[in-house]
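In this document, chain identifiers A, B, C and D correspond to the written order of the chains, with residue numbering beginning at 1 in each.
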Amino acid sequence: MTAPATHSAAPAARRLPLPGFVDGTLLTLVAAAVILWFAPSGMGRYGTYVLSLWLVMSVAVMGLNLTLGYAGLKSLAQAAFMGIGAYATALLTSKVGLNWYASFAVSGLITFAVGLVLGFPALRVKAHYLAFVTLAFSTLIWLVLRNEQWLTGGVFGLSNIPRPSFFGLKLDGALAFHRFVVVVTFLLAVVLWWMIRSPWGRAFTALRENPIRAASLGIDTRMYTLLAFAIGSAYAGFAGALYAPLVEFIDPSPFSLSQSFFLLLMVVAGGAGYLLGPFIGALLGVVLPEWLRFAGSLYLIIFAGIVMLLLIACPQGMSGLLERGWAKLTGKKEGAR
Amino acid sequence: MKMHWIIAAALGTAVSLPALAQDKVKLVDVVELSGAGATAGTNWKNGIDLAVADINAKGGILGKQIEIVHYDTQTNPGNTRAAVQRAIDEGTYAVLGPVFSGPIGASMQIAQRAEIAQLVGGEAAGLTKQGNQYLFRTSLSQTAAMPKIAKYLKDTVKAGSVAVVWVNNDFGKGGRDAIIPELEKAGIKLAVDVATEQGQADFAADAIKVKNSNADAVFVYLNEEESARFLRAAKQQGITKPMVGETTLLGAKVIELAGDAANGVKGHVGLSIDAPIPAFQEFGKKFQAKYNYVSDHNGMKGYMAVYMVKWATEKQKKFDKKGVADTLRGATIKTSEEPGILIETTIEKNGDLDRESFLAEVKDGKQVITATLPKINP
Amino acid sequence: MAEFLAYLIAGIATGAIYALAAIGFTLVWQTSQTINFAQGEFVMLPAVLVLLAIKLFGAPIWLGALIGIAAFILIFGVGFKLTVVDPMIRHGVLPLAIATMALSIIMKEGAKDGFSAEAQKFPSFVPTETISVFGAAISLQHVAIIAVAFGVIGLLQWFVGGTRLGRQMQATAQNPTVARILGIPVERMVLLTFVINAALAVVASVLISPIYLAKFSNGEVIGLFAFIAAIVGGFNQVRGALVGGLIVGIVDSMAAAYISTSYRLAVPLVLLVIVILVKPEGLMGRKEERRV
Amino acid sequence: MTEVLEVSNLHKAFGGIKAVNGVSFKVNEGEILGIIGPNGCGKSTLFNCILGQLEPTEGAVKLDGRDVTNMRPSELNKLGVSRTFQLLQVFPELSVRENLILAGQEHEGTMLSRFFGARDAGLSAKAEQMIGFFKLGHLADAKAGGLSYGQQKLLDAAMAFMAGPRLVLLDEPAGGVNLTMLGDLKERLRAINAEHGATFVVIEHNMDFVMSLCSRVIVLAEGKVLAEGTPAEVRANPAVIEAYLGH
């Protein structure tokens, strides 16, 4: 039996998503990429660096958004995964001499695989055990990065990490590399956009909203949960692969447990479960200190305070807030998810 | 389409700051004001502010007032790198800071590429071994200090074996890697090698370990607070062997925090406001008056860094960024030429310093200088 | 032997502190099914507030301690429940857990900016002498920590099991719906749990700050170890937190003694992972199974 | 007649409380079996044990003669066993259509095709049919969370049928549904049963609904089977009358 026969005369299935292929989110991504391509003109190297850093962090936050925002899992190791990606890329490009593109792929693969290995035992028990396991993992990775000096440079870090080239075109300059980051971030965002609107995305949402019901509808919750976590971790690996050549120096400190917490806060600030949320969240986390120069180190309190207020007033974060505002302005109910 | 607004806002704020005014010279200090390096960084910053106030009050450098800006690195190398880049983008005359060696290592190529002098507070041995012509220390390096410690352990303390307790960060690891070969050369046995964590609170197990090693002396190479905690834990465990340290261990902050446990601590001090040099003591009083606490060596380093820039500028008689580095390299700054340098300082070709240093001991909660060590190449 | 004993005592002393903090974890978990990521900061802050009170009002130590502790219990016992937990629990436990991360940053940075970026001395209420037991030097401070921590935990157990109020609180933690039917003032009981959590944090803070010094960043380490202790011992049991705390304290001390010091931190973490793999509900925990 | 489901000697204890205490029964292909019993008699726990949501303390569940005890719910669903829940279980953030596509997507294609393939997994037409069949046409694009209770109940049921199951376990389908919708629902269930031979097990409080829908009824009390038979037989059983009226 396939469907109730009473309505067998219904129109034939539209197998291809036709004009609906392009939606507001995709258009926003394209427009943003174009703007960011040209944005740094006249901004100086530092301004350009901050923009690039924002995008790189956005990639890590995007991954965590998949894990937390779509699949509802707390991962406390996003920064550690980013570290794995950054060290893998740094070592492969500077010590082994592999090109950046291959290193980028390897970084993603390693973090994806580690995500699977880590997630499998944890998720067998209960979803919140993932938080426990990732917490331990995060600290362990940090210790390895710090202690294994022969490989990671230990506390002294790794310097002189080369920047990639593009078909022979050197990307050593701040602007050229920024544009490269824009393109890579754009591509990664589009892949995620595609995933979220595919049946996978629907399954992720179902997992978050009601895993028990989802399982009763044949959704293999364990596999999807694991996938969400592993793909989310791979995005951290990708972010690390961009971070290393951007900063040209890495040491263990940006990959510590507190950084993982910070990334989680960025997801929530931007709006968990919104595709564009990570960009807003990372903006608050990375660029806010620039806007709050006058406040000095108070910016951390301000950032955390914003997150708390959002959680109380609007748990959907800045995206939810913007959506509400937009709905009020236009009188419409739906916003871009 | 919400992104447009955000990007526009980002553009608006990130655009470079206005060019500096004509009658001012801009100095940017990139320093650890938060994170693990906050104690050292805050001292460094205050030292700089004190020097800038002094100089501006006396008419500035070549008639120009100094405009000082501090950027917090959060003790994060990536941020440090960005901040140094920013300082250079904003047209700083020279880069001051940072203090921690890891962030220095991460950021020094940027100043080098821009051919701008960077005056740092770091002591790690490796920094000046990379042929960077624009990096200058403001204190002795670990390579210069550790042989003095080893000699002191051997000749004065007469230790046959030493326990080494170090903090597992760039500062501690660098010091540990520098002292161990020196101990070997001096024929002193390494009784036990204890790594501790930055920010570690509980040192009981480490103290027991040191006690059980039965070493003749303990070399403690930790940051300020950890030093104090270790001294307290050592006292709790009844360790009676001499505690020997380098500058930090004998610093004002450690003495304050460790209380009784600091008494009897001895070692080598690069810079100290308690040294029998009037200029040092004078500085200490000024600092105390302004900030209401006792400066450690980092405060002195920051103070001297500004005066190094001033001296070089007045020496070349113009504001030439590249010239600052060229003038400083290989120079000896005498207190008669520039009283603000506090003590005669020779800058070697690689950016290392050579100056007199001291042996000291903590007695009744005060640092007492017991001997003055001459320059290595007088 | 003397050597082992010394490590053991040191481990039990730190373990007792971790246990105090870990009990707070389990209390908050039982009443709101959430992980309080600010638990370490809860232990850090009372000492800072005490010092702040002394500094601001020029008060003598005992008065400063009183003001600081009262302020802490009011703000982070009652206030935390009313202004953070209550409005957020409506949105589910995930936002609340994340809110506690934000709270931990606010507490930490607040202590730094509002008080001091540097460590400060904290007065000890116990002499800093050492006594010798079987050749091992044992500090009176450690003895006091162990005694007070165990005393407080015993008191708590007696309160929960032996008094009417305590049993009501326990019933609320186990099943608020049933408790409400039985006429227990559930809201007040939950509030009481948070006040007890804050009080335990105060005890831990006052005990350790003379040794650890009062510093804004102290919560990071304590929070991490208390977290490990709670998981190892069992998240849903007070005695689980006690056992977990002691195990983690001893394991940490022994790791420093007999395993590489640079991987010392890894040992409790590996223990944590093993417990999760083998007995996920914790050594003393009971299995949680919910009806669908 | 062939047996689709066989439950033998199923036990489930929560601590000391025995919620299900040795229940055995069989479900024949194409029948509509009702399970009734007073509150707390273990009906929902029984369902949850059969469907792998809870681990039975003892006993076995067989589907088409194959042992499926403790099989994970999603795998059981792939074998053609579908269910609804006592409490409403739709996905409030998804539209009605999306809810239905979700309910069917795991039965189409592979993991890869669900990533690279069509967004609707080729299920738009079928979802459309379901929407029409359950008279939700005007609400296809509304968020499920915004529907009325009765409409959500219909959607909930529609989701259970989306993948064309051969065995459906319905947990109180009539609970909280108004009379008109109740009639609709009953008619829909009958239609699916008659036209596709789908087998039903229905837990229900509403006696009229059960008695008029089911061909056979099992009465549970205190975790055990109290009586079994046609609606008429059960209604006449003194033990049942005792259980329902005696308390």
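Quick note on the criterion: contacts are C-beta pairs under 8 Å (C-beta built on N, C-alpha and C of every residue); 3 or more make two chains touch, one makes a residue touch a chain.
Note that this is a predicted model, so its numbers are computed, not measured.
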Legend entry - Longest centre-to-centre distance from chain D, chain (CA-based): B
Legend entry - Chain pair with more C-beta contacts, A-D versus B-C: A-D
Inset, instruction - Could you give the separation in Å between the centres of chain A and chain B, each centre being the mean of its C-alpha atoms? - result: 38
Legend entry - For chain A paired with chain D, centre-to-centre distance based on mean C-alpha positions, whole Å: 39
Inset, instruction - Could you grab the centroid distance between chain A and chain C? Build each centroid from C-alpha atoms only and quote it in angstrom. - result: 33
Legend entry - Multi-partner residues of chain A (at least 2 other chains): 146-147, 212, 297, 300
Inset, instruction - Give the residues of chain B that touch two or more other chains, as numbers and ranges in rising order. - result: 33-34, 168
Inset, instruction - Would you give the residues of chain C that are in contact with at least 2 other chains, written as numbers and ranges? - result: 112, 220, 262, 265, 292
Inset, instruction - Sort out for me which residues of chain C touch chain A in the complex. - result: 35, 37, 84, 87-88, 91, 94-99, 101-106, 109-110, 112-113, 220, 224, 227-228, 231, 262-263, 265-266, 269-270, 272-273, 276-277, 280, 292
Legend entry - chain A partner contacts - residues on chain D that touch it in the complex: 51, 53, 72-75, 77-78, 82-83, 85, 89-94, 98, 101-103, 105-107, 111, 114-126, 128-130, 132-133, 159, 161-164, 166, 191-192, 195-198
Legend entry - Touching residues (chain side chain A, partner chain B) in the complex: 24, 27-28, 31-32, 35-36, 39, 42-47, 49-51, 53-54, 146-147, 154-157, 159-160, 243, 247-251, 253-254, 276, 279-280, 283, 287, 290-291, 296-297, 300, 322, 326
Inset, instruction - Give every residue of chain C touching chain B within the complex, in rising order. - result: 3, 6-7, 10-11, 13-14, 112, 117-121, 128, 130, 137, 139, 141-142, 208, 211-213, 215, 217-218, 220-222, 252-253, 256-257, 260-262, 264-265
Legend entry - chain C-touching residues of chain A, taken from the complex the two chains share: 68, 72, 74, 121-122, 125-126, 128-129, 131-133, 135-136, 139-140, 143, 146-147, 212, 257-258, 261, 264-265, 268, 297-298, 300-301, 303-305, 307-308, 311-312, 315
